[in-house]
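Accompanying notes for the structure given below.
Lettered A, B, C, D and E in written order, each chain numbered from 1.
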Amino acid sequence: QTPTLKIGYVSPATGPLAGFGEADDFIIEGINKALAGGIENNGKTWMIEIIKRDSQSNPNRAAEVASQLILEDEVDILTGAATPDTTNPVADQAELNGTPCITTDCPWQPYFFGRGGNPEKPFEYTYHFFWGLEDVIANFTALWDQAGVKKTVGGLFPNDADGNAWGDAKLGFPGPLAEKGFTLIDPGRYEPMNNDFSSYINAFKDGGAEIVTGVMIPPDFGTFWAQAGQQGFKPKVVTIGKALLFPSAVEGLGDRGVGLTSEIWWSPNHPFKSSITGESCKQLADGYTAATGKPWTQPIGFRHALFEVVNDVIKRAADVEDPDALVEAIRTTALPTMVGKIDWATGPVANVSKTPLVAGQWQKPADKLELVITTNVQAPEIPVGGTLQLLS
Amino acid sequence: MPDPVLSLNRLDARYGDFQALYGVTAHVNEGEVVAIIGANGAGKTTLMRSIAGLIRNAPESILWKGQPIGRLRADQVAALGIALVPEGRLLFPSLSVEENLIIGGQLGRRGPWNLGRVYELFPILKERRNQQSTSLSGGQQQMVAIGRALMSNPELILMDEISLGLAPVIIKQIYDALPGIVGQGMAAVIVEQDIAKALSVTARVYCLQEGRVSLEGRSDTVSRDEISRAYFGM
Amino acid sequence: MRVTRSSSISKAAMAVGLVVLLVLVAAPWWASRADLRLMGEIYLYVSLATLWNLLAGYAGLVSVGQQAYVGFGGYGFFALAMLAGVPVLVALPLAAVAGALVAVPVAMLIFRLRGAYFAIGTWVVAEVFRLVAAQTPALGGGSGASLPADIVKSLADSRDLREAMAYWLALGVMVLTVGTVFLILRSRRGLALTAIRDNELAARSLGIDIWRTKFFVYVVTAGLTSLVGGLIFLQKLRISPDAAFSANDWTAFVIFIVVIGGIGTLEGPIIGTLLFFALRETMAEMGTIYLIALGVVAIGVMLKAPTGLWGLIRARTGAELFPLSRRVQGIGRPEG
Amino acid sequence: MTEVLRLDGVTKSYGAVVVADAQSWSLQAGEALGVIGPNGAGKTSMFNLVTGTVAPNAGRIWFDGQDVTGWPAARRCRAGIARSFQVPQPFGGMTVFENALVAATQGAGERGAKAEATCLDVLARTGLLPKANVLAKGLTLLERKRLELARALCARPKVLLLDEIAGGLTEAECHSLVATIRDVRATGVSIVWIEHVVHALLAVVDRLIVIDFGRKIAEGEPHAIMASREVKEIYLGIEADA
Amino acid sequence: MEWLNAILQGTLLGGLYALFAAGLSLIFGVMRLVNIAHGDLIVLAAYLGLVISAGLGIHPLLALVLVVPAMAGIGYALQRGILNRTMGDDILPPLLVTFGLSVIIQNGLLMGFSADPQKLQAGALETASLSAGGLTIGVLPLLMFVTAVAVIAGLQWMFYRTALGRAFRATSDRQDVAQLMGLNRAHVFALAMALSLAVTGIAGVFLGIRTSFDPSIGGSRLIFGFEAVIIGGLGNLWGTLAGGVILGVAQAVGGQIHPSLQLLAGHLVFLLILAIRPRGLFPKMEG
């Protein structure tokens, strides 16, 4: 009888964030298959059981299932993914209960500072890997420099965890943009699910913005983009976080979706491969499309990488049954994964490891939309696939 | 003797577990006015509601011109030409007085009754036609309720305690009008507490006691004694 | 002839209830950590449901905005504990008092509304609360805030004791709310409340000061709901406007619980909560299917047992666990 | 004799409909006053004004020597004005006994066993005792009307306002109702009774007022009033003898 | 100019709210039914529009020809099959049933269509605009506003001038007595719901053209619909339009002052109006 380790996994499978959880079943199935023979630790083989729980896109529910996983299922490692609404409540429960916890898929500032983190006194049990605002800013500005348009940027930041972080005077866009010679028009934070962006469009028109940026949910961007068209506002570059991640969201915009730009955290063209299966990014993406008939999405790589880290940690832990030993193994991770190298020793703060970020544009070379990488200032190892084209 | 238009055969009626009528057998002939009397809670209202279809019964227990109607819904019964003036008036508050009357006629059955004739019968209603029906006094509301039932040009009109709350002058008016109302071949069943009045305007009378028929007779021949026995079972 | 308020069933129920309560108080010695936490959550939902039932089922105040007070209590507690450094056990009752105080001006405004208007009005007020919380940077604004682990750890040194404390707090709050509601209902005021629910015109004409009676109930409910809210977010550790003022979590599910269990009875909210958690514990991992099942149960119960499960049981057996109703004995045939 | 209730020029209209037109009258302690008038004359409206469910446009209402014009309905009831509603307004979800208890505890301010005793006594007198444990929504119309009377009595009023409680009763029932009201009156309660069942009214009241179009058109000894030409014409609908 | 523009855009936004609210207002007026699922039904209609316009390759506005009757059919069936059995004095049972429906529709759509955002492609219409005196007006919002006015005019006329409207009002007052008038209440209520959902069909298709949608967005728009209905007053469809416009303008003007005030301004105006006129501005029926 091989002993079993339990891995808890919390993500939004239903509710407005369900897009982020769409690939979960596919990834978990793949991992289960790959690790069917168990994981070897100190000469002993351990089976792993991944227990998946749905946060229903609701932070209350996320906290609840996280605590259930900890207390009832007594998981050995807790993992979670997708936006601060899931990662933060999950990590908070783990921290209080002393359960090793790995999360991903949320820029690190809203994760770390959003939880009241203090770089001097890091969290003890909770670790995170993803990119940060400095990366997205570097990529976006590089993108805009390429475009050679007037350096006036309209900002659309909602009053949610992402929007507040991106728009934050200290951590977010305003400072670096000013340093790099961009003028930011930031009318203020709007409430998510906004029905009317006229006041923003007015301000952008008045200020002569040629670039628009922000971090939005798809319905909000859809409303803004339609109203911009109706009210005669024609920016040359529109670079929006979150809303343009999923191909379906961009396809929905029809012809007006072509030419929009966005951050790219993962793509089939990334030159990485799995530490478990040896698959390339392309193979993973193709596998997903073959299994589900759906186009690849960016979270796929990160979900896979999450379990790569888990696998690696279990292999290396001095004592897999001791939470502190597991945490020590997490802390000392240095693993090349599907999303790049994950190493907490090199992070901006002790609990965070950064992954490479690039940016690109939705283009339509043939009759199908493609996300083309046009900037790789931050991660030259990721190849550029084309050049930026202006909107109008 | 003509066939009855309405006959009740061993009609039972219940509210949940509580049985209110036990095997009531009765009939109404064409153009005939029948009185139902009985003490409080004897089941008079229940009887009227059963006929009108507001309480579901065994199909065969109520026959309308020979057809079983016990199981029909109230709207289906209304379409057959049976109208009820419910106890307590029950007008439609969000309809004006006139609309309350019009909706009574919305089945579109042909006959002598229309808005004009109702206003002739109750002139005060014409004055108040555009007012909300709730703002009428109790008596005025009763007039609307009667008018509303008449507007459907029914063949049988059921009137439950129509004189309740009316000033004597109006009661007089209504009873004076009754022959005119039923004169054109309309049959009527009236529930009335004023026994003398009930007997004076009807051809036959049924007395209910605790859900059973305790007396049946011709209005002009029943005696006071028989009635008080039938009322209280003494 | 005499008037009695308790039946043999209710006497037995009270005795059994007392024993059960003792067993529950001892739970930290016999239950697992997970069970403690789950039971704590159940108690908090029983409290919310009981309070909403007092409002809607007895006072006729169908509020769909009670999340305003859950959220207010949560934020109040976070503000006191995090920003002002007030000890947890003091911050919680203070949050309750604050909740009762803000309910005063809110009541003055929304008591002008009736029926469905009142319902929507309470919802809008809760939205206003949410938006205001989202505009309060000190508490994280739209991003939310996490309760520093130190604050929770200050509750008790050892983890076991801390978890037991959290459990007892929840149990205590449940006993407090159910007890308070029971006492209100048994009092003259409770009678007045039911009268108002049934017919305001008559209630007014029989000497009941409608506004004051409702006001009292609304404010008490708001205070206790805030207390529950504070405790909820002590457990959740993290607060954000959407989570704190979630209409689904703190009102829709609560309405579901009360109506399914049996509105206008004290037993209903308890039965409803148990059913709700039974469903959740067995099905929640089925994702969409679970939620669809929840919807189907709501519709099914409303079609088959519109008075709720307890209503159904009571209609069959006439049972009443809490001695509330008054029966006149010795009037011949027993009826009703 | 002292005056318990007085209306001074009380006026109320809904748009063009005047329901009370400068009404003035008073009620003495222990007196029974009958009110008649055609349907829609404004009788019920007058009760609404006296009990405070409707506010007058002009005029003052005095009760027990105090100006109560601005008082809310509840306060007037606690002070001693109770009414029955023409269209019954039961608390449907409560038992008959609880309906009565509301009046005894809220209106009369009684407590505990005393309130319960009051209710049982009143229910017995109004014949509702057998229905004490029945939910009020299960009552028939006439039982509801009796409940109106019972509740008003349980509030232990100084002034009892009755709005059409004799309609629909059998003769025997009517007799016992008259007896009940006489008893009430004998305990010193002043009564104002609106009734279309004139013979019942005449068996109780000392004085009669007639209202038409919101105006008091006659006042005085009951039999004399009933015999008057005006009442015969507008109310009884009999041709007045020349 | 800025302010003028804010008011103009707010008015147009009000048209959207009124369109969302018209169906709600109708059944609220007829049945006192607080339909929690209304927002989700709008989203359902948007998906119907998607399936039809993508399936047949037609313009979404043309798809209305099928969406509207389909939604009406759904409404009729829903009311007759389920909701009718919970109608009564108590607002809670139907409220809970529609809550159940809301959850079922949302998750059913999630199973059928996944959480991916979708949009209806209306081509040039989406961004077409008219300019007048320095103001730019989108053709689509204008079209929505005009549609809202037309729908509301139609409903108002139907409600107060036709036999069907009279039947609606009578049945809403007293169900059993309406039966006595020969009205089958099950049918009357079902017709009201059919009509309400027909309007919802229009709202859904416009919503889908206006912005992207996914199964979960219905609820967040519901509150504005209710606010519009209540500001206007029960039973008055024109009032609902006025309510929508007041709400839209308040939000736009609030947003012009500062974006954080946008929603708050709408809610505060709503509360203010109710504080002064607890039954709404132009009520025609008792609440």
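General observations
Note that a contact is a pair of C-beta atoms (placed from the backbone, for glycine too) under 8 Å apart; a residue touches a chain by one contact, two chains touch by 3 or more.
Note that the coordinates shown come from a computational prediction; the quantities given were computed from them, not determined experimentally.
Contact with both subunit A and subunit E is made by C. Common neighbours of subunit B and subunit C (chains touching each): D, E. Chain centres were defined as the mean of their Cα atoms; on that basis the chain farthest from subunit D turns out to be A.
Of all chains, the one whose CA centroid is most distant from that of subunit B is A. Compared on C-beta pairs in contact, B-D and C-E come out with C-E as the pair having more. Centroids of subunit C and subunit D (each the mean of its C-alpha atoms) stand 42 Å apart. Taking each chain's centre as the average of its CA atoms, subunit D and subunit E sit 48 Å apart. A straight line joining the Cα centres of subunit A and subunit C is 38 Å long. Among all residues of subunit E, those that touch two or more other chains are 107, 110, 260, 263. Residues of subunit A in contact with two or more other chains: 14, 159, 189, 191. Within subunit B, contacts with two or more other chains are made by no residue at all. You'll find the chains touch as A-C, A-E, B-D, B-E, C-D, C-E.
Put simply, subunit D touches subunit C in their complex at residues 51, 53, 72-75, 77-78, 82-83, 85, 89-95, 97-99, 101-103, 105-109, 111, 116, 120, 129-135, 151, 155. Put simply, subunit A touches subunit C in their complex at residues 13-14, 52-54, 56, 58-61, 63-65, 67-68, 71-72, 74, 84-85, 88-89, 92-93, 95-98, 110, 114-116, 158-161, 163-165, 189, 191-192. Per the touch definition, subunit E reaches subunit C in the complex via residues 28, 32, 34, 36, 82, 85-86, 91-97, 99-104, 106-108, 110-111, 219, 223, 226-227, 230, 260, 263-264, 267-268, 270-271, 274-275, 278-280, 287.
Remark: subunit A residues 14-19, 22, 57, 159, 187-191, 193-196, 198-200, 202, 218-223, 226-227, 229-232, 246, 248-249, 252-254, 256, 294 touch subunit E in the complex.
Interface residues of subunit C facing subunit A in the complex, by the touch rule stated above, are 32-35, 37-38, 41, 131, 134-135, 140-149, 152-153, 159, 235-238, 240, 242-243, 246, 248-249, 284-285, 287-288, 291.
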